[in-house]
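Inspection log for the structure reproduced underneath, given as structure tokens.
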Amino acid sequence: MIKAGEYVLLYHSDRIKFLVSVQENGSFSTHRGNIDFRQITGKEYGDWVETQYGTRFYLLKPTLADLALKVKRTTTIVYPKDAGYMLLQTMIFPGARVIEVGSGSGALTAVLASFVRPHGRVYSYERRPEFSANAVDNIRRYKLDDVCEFFVADPVEQGFQQTDVDAVFLDVPEPWALVRAARQALKSGYPLAGLVPTFEQLRRFTSALSAEGFIRIRAREILERGYYLRETGIRPVDRMVAHTVFLVFAHKANIRNEQE
Amino acid sequence: MIKAGEYVLLYHSDRIKFLVSVQENGSFSTHRGNIDFRQITGKEYGDWVETQYGTRFYLLKPTLADLALKVKRTTTIVYPKDAGYMLLQTMIFPGARVIEVGSGSGALTAVLASFVRPHGRVYSYERRPEFSANAVDNIRRYKLDDVCEFFVADPVEQGFQQTDVDAVFLDVPEPWALVRAARQALKSGYPLAGLVPTFEQLRRFTSALSAEGFIRIRAREILERGYYLRETGIRPVDRMVAHTVFLVFAHKANIRNEQE
Amino acid sequence: MIKAGEYVLLYHSDRIKFLVSVQENGSFSTHRGNIDFRQITGKEYGDWVETQYGTRFYLLKPTLADLALKVKRTTTIVYPKDAGYMLLQTMIFPGARVIEVGSGSGALTAVLASFVRPHGRVYSYERRPEFSANAVDNIRRYKLDDVCEFFVADPVEQGFQQTDVDAVFLDVPEPWALVRAARQALKSGYPLAGLVPTFEQLRRFTSALSAEGFIRIRAREILERGYYLRETGIRPVDRMVAHTVFLVFAHKANIRNEQE
Amino acid sequence: MIKAGEYVLLYHSDRIKFLVSVQENGSFSTHRGNIDFRQITGKEYGDWVETQYGTRFYLLKPTLADLALKVKRTTTIVYPKDAGYMLLQTMIFPGARVIEVGSGSGALTAVLASFVRPHGRVYSYERRPEFSANAVDNIRRYKLDDVCEFFVADPVEQGFQQTDVDAVFLDVPEPWALVRAARQALKSGYPLAGLVPTFEQLRRFTSALSAEGFIRIRAREILERGYYLRETGIRPVDRMVAHTVFLVFAHKANIRNEQE
């Protein structure tokens, strides 16, 4: 039974759907009419409700991808296609302790928090206070704040407060400036991940990783292609998101002293 | 400190790397020479060892992608690009209870088990006993068997023994035959995922989902592009895995009675 | 020296550019101001002109891709990425005689006409008179009408008037209905090309080709990825045309009698 | 009727096919047995012949893509997907005069020659004599040498001997060194094309184009995806050529003097 405080995906179609936080009172407005929250509470997931104009919305359990894509955005967000791939190429597991820079809008934070629960920890750094505040807000609304700690700080200058973490995620314009600090925080033999949109960044970031004793340095790009499933025929969608970021992965090796 | 019983990725280069289960005694043979296990135990992750011919291997912590790609295979396996995406589009979280058909080689089982830990459950069905045995073996070696239950059964005829599960994964040639059973096992409003390689299967599977009261039926394809990071220049790799499967997602809705 | 009657590409940027037919008098209006045609005539290609608001437009020689993309459209058009690939997989050469169904907006007609010149022939069939009229108009304005013949006819019923052609192009919703007629018109051992957007069409079309004695039946998809070349960094464009059509190629073989 | 001196595609399947130059006498050997040339002469395209072991080969008219892919290679070749796209983005037409550097194995030369016929001209420069000799040989065997002129020269130092050409193609490792020479040879307002495999080359090449008064500078990548058309189902091929080159296009503008 759905209760106030839960998130529900109001689903009419792939184009008309809304992620809503159910309240005790009041209503949710759409261009297809309103849904009174008391229509929702007491119903089960999978049930449907209708607006006054007869538009039907199903009450679906939001997936993690729904939550990540619908955070209140102050920045570009990490896409599910990229977040999912990073989960498998780094050391994320229930109980993991991981660092993330920057917090951005909290989309990646939410994904990481969901999978380190209940005993893990996400340490999320962000130097712009207003971005951090928004990320904190998003994480709180998703009730993931029990495993997240936010820092308004610039780790380029101050480094990280944690050591022996299982993974480090760098989603900043100049990740090369953080490679040394990441190295100090990361467990030896464990992986780091970075996200950069341009080739110039890719070159500079991977060069820094190599210079700072990281090995197994790899760059990947994940593309997501949708398909129309129409009665008249199946075919790939006409237009797609063609590029988000290049994903970079590397493992910390104990070779730094030799090089110095 | 690395101990016997742990898995280590012996990494020389992206082409020369091995996932090994460290033993008390004996050695691991490569075409570049041998590594005595006593060279490994006592070392830290991130350290390196050398064969008698001087080839250096780093001792890296294997990622989940490494484990998934290196299961002992009796079938085609689920790729990290696909597994990672499915994690976010279905309800996988620490504590989740999920059904998987078929067990295959256990690659997807291992991914799911890693993320439902420590209190969740993966119910893995497989009708071919020899495949199930191999999957059980792989999961045991990865020490993930505490959260997995294997069933040698054909759920097309017998259905599933579980109800109210958070997610169902169908990785079989004829997933349409399992849609009704999946519906009975799945929580209302929650998502199911399927993997099919051809368009004919995609058509038949999505038609069955629609007929059985699933909504938000979507098909996606995930492509992974690698990049060469050479001193002489960055460029996409020459050849790539161009297709594995189409991923299908759908949510169970409470609309079946109306249709009947 | 540019003269009235020529086509010029007025180029300001990749987003602001216009294909214009230069006239003796009058002017061309843009949202950035007007260009008087007398500013253009007498100039050379590569020169530039300015609107009254100071927006500069370069006078570039339009490429065939520019012409094809800028036909006056009544239908979806064939993209340069697809047209260019088809040129190499079929028998198009100066002097070739080729059949096309349907004429559409004349985009593919223009490409084919350009390459069979000066002694070849494009026979373009279209059953909808208003589409044919528009295609005729486009081809005339591009001054390619000397090598084109248009037919308002439905070749499903009447077949083609030509025989021994070097290539046949089928760009219609039900190309399978034209396979037999195409076979009769085509030189033995020579290739046919078809364009279909969905998988159901692909299946039905290729089955018909196989049944009618075509061999070397192949399906291809051509994807075009653009790159931003910014000072701040090179990266793939954010959004792209993700699907136009599947291209089908097949060669006519002399095996039909055996099968009957 | 097929005669000695013609090229025929002996086609058994997409994997077993051969481009052969038919001779008066002798035979062609395959791992499936031999074909005596006298089996071929006198037959029609579309007919078939059999080896002594009963393997059937169809006699197909080779397409331009077949010729381009099957040149005797001394270098990497230009793929049909790229060559076809370039035809439409540059000024290639019957009668065009175009410059190409380097000749490579003559694959692109063959494509260009086929479409400038009968009155056009391909001026093909190559500084390595052995490569040029091989390209000359390939073009002669394809009987395209009537419209081609080969130069063993390094145009970086000597420039081009032609002026007012309709298009310039640069397929060399350092195309930036040829931009000035290309500019001198090219008609004003007309396009140039270049092919580079890495991002570093893309950056340097496009910067040089910009510095030398070229505008409308664009980078594109063309991807070709094949599909299996099996009875059991249609699906994308497992593995594909994932990258050949980035294609660069730019138009010569009359803005150079201003900048100097």
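Order of writing sets the labels: A, B, C and D. Residues in every chain begin at 1.
Quick note on the criterion: a contact is a pair of C-beta atoms (placed from the backbone, for glycine too) under 8 Å apart; a residue touches a chain by one contact, two chains touch by 3 or more.
As the structure is a prediction and not an experimental result, all values here were calculated from the model.
> If you check the contacts of subunit A and subunit D, which chains show up for both?
B, C
> If more than half of the interface residue numbers appear on both sides, call it same; otherwise different. Which is it for subunit A and subunit B?
Looking at both copies, the contact residues mostly coincide.
> Take the average of all CA coordinates in subunit B, do the same for subunit C, and state the distance between these two points in whole angstrom.
Taking the mean C-alpha position of each chain, the two centres sit 45 Å apart.
> Rounded to the nearest whole Å, what is the centre-to-centre distance of subunit C and subunit D, using the mean of the C-alpha atoms as each centre?
21
> Among the residues of subunit A, pick out those that touch two or more other chains and give their numbers.
199-200, 203, 225-226, 234 - these are the residues of subunit A that touch more than one other chain.
> Tell me, which parts of subunit C touch subunit D in their complex?
Going through subunit C, the ones touching subunit D are 11, 14, 44-48, 58-61, 63-65, 68, 80-81, 83-95, 111, 114-115, 117-118, 187-191, 199, 202-203, 206, 215-227, 229, 234, 246, 251-255.
> Which residues of subunit D touch subunit B in the complex?
Going by the criterion above, the answer is residues 197-201, 225-226, 232-243.
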